[in-house]
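Take a look at the structure set out below.
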Amino acid sequence: MPSSAPLRLLVSCPDRPGIIAAVARFLHERGANIVRSDQHTSDPRGGTFFLRMEFVLPDERRDLLEAFGLTVAAPYRMTWRVIDSQHRKRIAVLASRADHCLVDLLWRQRRGELAAEITMVASNHADLRSTVEWFGVPFHHVPMPAAGKAAAEAELADLLEGRCDVAVLARYMQILSGAFLDKIGVPVINIHHSFLPSFPGAAPYQRARDRGVKLIGATAHYVTAELDEGPIIEQDVVRASHRDDAAALARLGADVERTVLARAVRWHCEDRLLQHENTVLVF
Amino acid sequence: MPSSAPLRLLVSCPDRPGIIAAVARFLHERGANIVRSDQHTSDPRGGTFFLRMEFVLPDERRDLLEAFGLTVAAPYRMTWRVIDSQHRKRIAVLASRADHCLVDLLWRQRRGELAAEITMVASNHADLRSTVEWFGVPFHHVPMPAAGKAAAEAELADLLEGRCDVAVLARYMQILSGAFLDKIGVPVINIHHSFLPSFPGAAPYQRARDRGVKLIGATAHYVTAELDEGPIIEQDVVRASHRDDAAALARLGADVERTVLARAVRWHCEDRLLQHENTVLVF
Amino acid sequence: MPSSAPLRLLVSCPDRPGIIAAVARFLHERGANIVRSDQHTSDPRGGTFFLRMEFVLPDERRDLLEAFGLTVAAPYRMTWRVIDSQHRKRIAVLASRADHCLVDLLWRQRRGELAAEITMVASNHADLRSTVEWFGVPFHHVPMPAAGKAAAEAELADLLEGRCDVAVLARYMQILSGAFLDKIGVPVINIHHSFLPSFPGAAPYQRARDRGVKLIGATAHYVTAELDEGPIIEQDVVRASHRDDAAALARLGADVERTVLARAVRWHCEDRLLQHENTVLVF
Amino acid sequence: MPSSAPLRLLVSCPDRPGIIAAVARFLHERGANIVRSDQHTSDPRGGTFFLRMEFVLPDERRDLLEAFGLTVAAPYRMTWRVIDSQHRKRIAVLASRADHCLVDLLWRQRRGELAAEITMVASNHADLRSTVEWFGVPFHHVPMPAAGKAAAEAELADLLEGRCDVAVLARYMQILSGAFLDKIGVPVINIHHSFLPSFPGAAPYQRARDRGVKLIGATAHYVTAELDEGPIIEQDVVRASHRDDAAALARLGADVERTVLARAVRWHCEDRLLQHENTVLVF
């Protein structure tokens, strides 16, 4: 059964000569056509080699995977995955009251820009229910009372577990525990409304104004147990001036936040992000 | 004796109605023509009012100043200055070994871009002597041995005191003491090679790479006794990627550093910078 | 009856000394407090002077206007207007099938970002009806058949005339006649999907790709009878590469288009735009 | 005799499966280690394939080239080159009176940023002689009188022919004939002080101001016989406002011009630029 959508091969392994030759030869002998190839070596001397290849395979796929593992991946000690671009990732979005990042993702999905499907939205507030449902996406209200946060997190984890391939915190103003992250077991992308590592934590726009910075920014990153310390996926900035009070900064920043988050989510769903230590390679 | 170059009036005072009317009326009655006017109120309720006016005065000037103090500045409790744009500020540049910011300033002065005069360059290394002297600017080698830093700072302060209106640290890799700053008694502008408050202190490019930020930046700020904590004048950023190692970041960043520093120095020399708490208004 | 919202005074007149003094004095004597003031002279020698002042007036307003006309505006031969910021402008949006600019404006209005009210949307296609109506805004389907364009334009003009203060072409893919513009008699803002004057007219993204430009852009401008030749309000760009085909450029560009258009509409509704010859001053 | 500096392989050919496999296998069998690889296909269906590989070869090189031509390049109908990165390109710079692009290139060469050698500067004016000679670079004054332009061009061509690998027009305000370009027979890079295709030809800053654009730009492109129509290498922009007169635009633009030109020259000297029709791929 032929597959016409490209497959994506992601590889990381200790760098040494011959990797590209081995991979390209393997694919070519199975009749694959490589349509895009990106590589990077973290350090020319003894570093880690990263590879992402998109290829079209006119043939049945499972054989390929087994054979690749044996004949190429094992000798080069590769960590590797093959992803079918036809498989659209399921996104669960968590939001609070601010709508700009959420609406932008919903709208991009409707336009077909995300190459993914938003399968649910959960929020600790009910405000955005009608907006979400208008886009035809199920909305779940999971309050996060300070008193019963553990139970609420458990409820949220039950909701997400097995139902999404990635979770996106679209200005979700709650800190999620390491236990929660472990339980849902999928990557989580957050948008932070500052140019990290500047102004981690609360009220970054007010602090940006107090410090008198001339550009404000936004940062999309993978979530780890350390608040605002996870690997950065994408960042951007916009110019600000003394004329902009904290409310104006929040308004200017909202446009950057939604664009940065959308790029990060899209790249993730296109399997273009590879992690190396605490950084992200964008291929 | 008529003055054809514009004068610059800088004012800050408690905000209240009538300030602009009082200033504009005073100037108009002396025959002044306002060619540019910028104002800002830090807070509509009980804030501080800032004003910068450029005006051309067909008449003798000293009278004006005394009268302004009595009839306008005093009743409004203004902090104020009038600066003759014909008076070109004297800049002392401090540099170490890196030449990019220094050469850029020297070259801009030669082109007439700075509206100021670089009257001397001092460095803790002798490397850049011939470069500086080629531009016709005196070069002073003032070593900064770890052992005798206090004496060296005193020597440097003696050199600068009374001979410059502003000092510029053009990647001067030494931390200057509060005592030094007090002694020279002029504003000091520094360029820091990161987007502050990210990565204050040493090795910002390496730390930027380790943190995986997607933009690197530079910050020009007034120097205070607190390292990299002074009021920010200007910032800018440039996009970086995983392909850029620390050396490449330094190369990319150098272009941003010199541009940001040149803007800050130019604006300072045009008296376009007003300080409010720990921030800088750019008019 | 006191008015607490700021008033906006817009002035243009031949430049000569004393204008600011006259205006500021007039306002101060009526008890106004100037909260923002911007000015510009097109040419220090014999140019045109432009002024925008925002002020708060604790008093009744009509008197002021008559008196200002007599005592200030007339002697300085001013073209002038006073606008009450409480009066929210009525926006009519014209769209075709592309939804990105339209949805962005509707969403910004819902957030209260526009300082204006979208009172209707008209389109030559019916596709976006449910989207528009979901935001609670009336939708009018006015087909524009090549055969009967004059009649269709007349119908559209009837719809708009007297019902909007500004019309916004949110990727409305029809060229409107001078007669139409005359009839509706309000400013019309268009978004063009290129960095004008590059690529006026049709298919700018394809032409941008064929020309191999490294940045693609968008331009918001006032519409005149000359296609894509009207005064430019705002522009911005985004980086593109050989990897981006025309579809990718359109996707990247869409984000710039909506941001640029939103800024232009917001600034227009805040009365921050003054025209000088074929250019726009943004105050 | 081993070569430790990377070699660069540039390939273009009709796209078909197996190219990367063939190239990578060939290199691997000769003991090469690929340190960087970029590819692009102009069109997935029947397009042109472009490849740039950097590899380190522990062995003697000439054999490789002959064998590659026979066993890989011929069957795939490749246009190809192998360049030794140790071979530093010789740059001839042509300048007029403006110094900003010229000084920037000279300074970058001094810092070792260009990976190339500026072997001469020629100018139709003598103004910049001492500047150029201070950098230790030979300066040639070749006047270009309107009356005797053909003879002057011939003199200039004689000067350049065989003495440079690339010529850079660093704000050289003369139009060079097709005959001149043919005679020198090396690529020529020009910096144009506008965001092409906006404002080709003369006085772009003045025209930018008259048109009221909100961003001004610069474009580095390969020179063809058609003025300002050659393939674009790099572009960038900077924000401008109504406050900036044509002189201010020229000053702001100068910073963009020198940065854009330096990037283009550096990329060219690193063999990172491949031409496709009238566009340039940057690898």
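Letters are used for the chains, namely A, B, C and D, taken in the order the chains are written, and counting of residues starts over at 1 for each.
Convention: contacts are C-beta pairs under 8 Å (C-beta built on N, C-alpha and C of every residue); 3 or more make two chains touch, one makes a residue touch a chain.
Note that the coordinates shown come from a computational prediction; the quantities given were computed from them, not determined experimentally.
With chains reduced to the mean position of their C-alpha atoms, the one farthest from subunit A is B. Here A-B and B-C were compared by C-beta pairs in contact; the pair with more is A-B.
Once the centre of each chain is set as its mean CA position, subunit A and subunit B turn out to be 41 Å apart. Taking each chain's centre as the average of its CA atoms, subunit B and subunit C sit 37 Å apart. Counting partners per residue, subunit A has no residue that reaches two or more other chains. Interchain contacts join each chain to each other chain, per the touch definition above.
Residues 99-100, 103, 107, 111, 113, 134, 251, 255, 259 of subunit D are the ones that touch subunit B when the two sit in their complex. Interface residues of subunit B facing subunit A in the complex, by the touch rule stated above, are 40, 195-199, 209-215, 217, 231-237, 241-243, 276, 278-282. Note for the complex: subunit D touches subunit A at residues 16-18, 20-22, 24-25, 27-29, 31-37, 39, 41, 44, 239.
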